[in-house]
Amino acid sequence: MYQITGDRAAAQTGESMKQTLNISTGSRSEMKNITREVQRIIDSSGITDGFCMVFNPHTTAALTINEQADPDVVLDMLGHLDRQIPWHAGYAHAEGNSAAHIKASLFGGSLNVMVENGRLVLGTWQGIFFCEFDGPRQRKIYVKAVPDA
Amino acid sequence: MYQITGDRAAAQTGESMKQTLNISTGSRSEMKNITREVQRIIDSSGITDGFCMVFNPHTTAALTINEQADPDVVLDMLGHLDRQIPWHAGYAHAEGNSAAHIKASLFGGSLNVMVENGRLVLGTWQGIFFCEFDGPRQRKIYVKAVPDA
Amino acid sequence: MYQITGDRAAAQTGESMKQTLNISTGSRSEMKNITREVQRIIDSSGITDGFCMVFNPHTTAALTINEQADPDVVLDMLGHLDRQIPWHAGYAHAEGNSAAHIKASLFGGSLNVMVENGRLVLGTWQGIFFCEFDGPRQRKIYVKAVPDA
């Protein structure tokens, strides 16, 4: 489901580098938990302390951090967005996916997470989610691990 | 009301480190101005130039930067969120606090603020707010001061 | 339309520094594409690899990344915000611009974008937008280019 690519050979262990996480989505609206994959990128970077930037390069998708324990939370979030931002609402944009663009800016697409002892510093219930708002599609995100100076 | 903890002894002055700010909230929905406390953490870090990451590890709370001069702004923001995202709306999540999870992702929980001459770089009217959406609770946020290389 | 200021003389090429981008807005609600101006700041910083913080110091404006190809996307986003957050809605804040404050926190005002080979790492359709919600005004944003260690 996920594929990680990056020019590992070009970087020394512990150096800052950008890696790409490829993501396949399966429906129009979907939140995929990518916490494990981001942690794997931190592992491979060899960074012990610093922080990690996660960036979404798409305009109809987003990134968010929220509860990963009960999948109903994700359902309720997607349901709320669909009710507030209907797919058809007389939008001007000819491609017809303005609802997805609006959701993308409301959730945002640039996250920073601290890294301590090689682990993402997240709360007990938190997971990092890739939010698809105009799928299904092949997507990707960028992850950059930045070590403390 | 606030308590700051961190392994100060383990870090040299001016080094990057994570500190924890403990916050008690008093009602279900509340925005607490934590600007002074974050500045105090910057002060204690000994950092003069760089930036500061502020991170919320909770899934029913958020962080935002907005006006700190007139408390009515906070009232209007919380009022708007309550009208748009009612507490009861047929949510699936059994815990009953889906409204708080939705608000958390809309406001977001990861902020970066520049630091110059030891001071947070904020606009004239800006303050940093911890947003409680499912209180009252004991909460905490993480602050990491990152000095320029 | 844009003016960039910063203490270039005080910094060595490739060092981290904050620069200011001045922006004039022409109407109450407006999204201005500032991608080229932010890239110009990266160019002048001499940074090749690292990341770039973009920060909005205003409480009735925001920053977002979204589609820059079709201007109708921006129209649809601003239209949605106006419908959901009307200018008059019995707000408490006497200044009368609570709608703008609410929009500011929903979109957020602190972005991080990676820099590779001297270029902002953005998706094919992405642009960086300054979002005016209470114009017209003279505004500014801060941009800090942070090189890899």
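Should a chain be cited, it is by its letter among A, B and C, assigned in written order, with residues numbered from 1 in that chain.
Here is the rule we go by: contacts are C-beta pairs under 8 Å (C-beta built on N, C-alpha and C of every residue); 3 or more make two chains touch, one makes a residue touch a chain.
All of these numbers come straight from a predicted model, not from anything done at the bench.
Visitor: Shared numbers divided by all numbers used: is that above or below half for chain A and chain B, i.e. same or different?
Guide: different
Visitor: Just send me the rotation angle from a CA overlay of chain A on chain C, rounded to the nearest 5 degrees.
Guide: 120
Visitor: Averaging only over C-alpha atoms, locate the centres of chain A and chain B and give their separation in whole Å.
Guide: 21
Visitor: Which chain A residues touch at least two other chains?
Guide: Within chain A, residues 84, 106, 108, 112, 149 contact more than one other chain.
Visitor: Spell out the residues on chain C that touch chain B in their complex, using ranges where they run on.
Guide: Against chain B, chain C makes touches at 15-16, 18, 53, 55-59, 84-85, 89, 91-95, 98, 101-102, 104-106, 108-110, 112, 142, 144, 146-147, 149.
Visitor: Help me check something: in the complex, which residues belonging to chain B touch chain C?
Guide: Listed in rising order, the residues of chain B that touch chain C are 49-51, 64-67, 70, 72-73, 75-77, 79-80, 84, 106-108, 111-114, 116, 121-126, 148-149.
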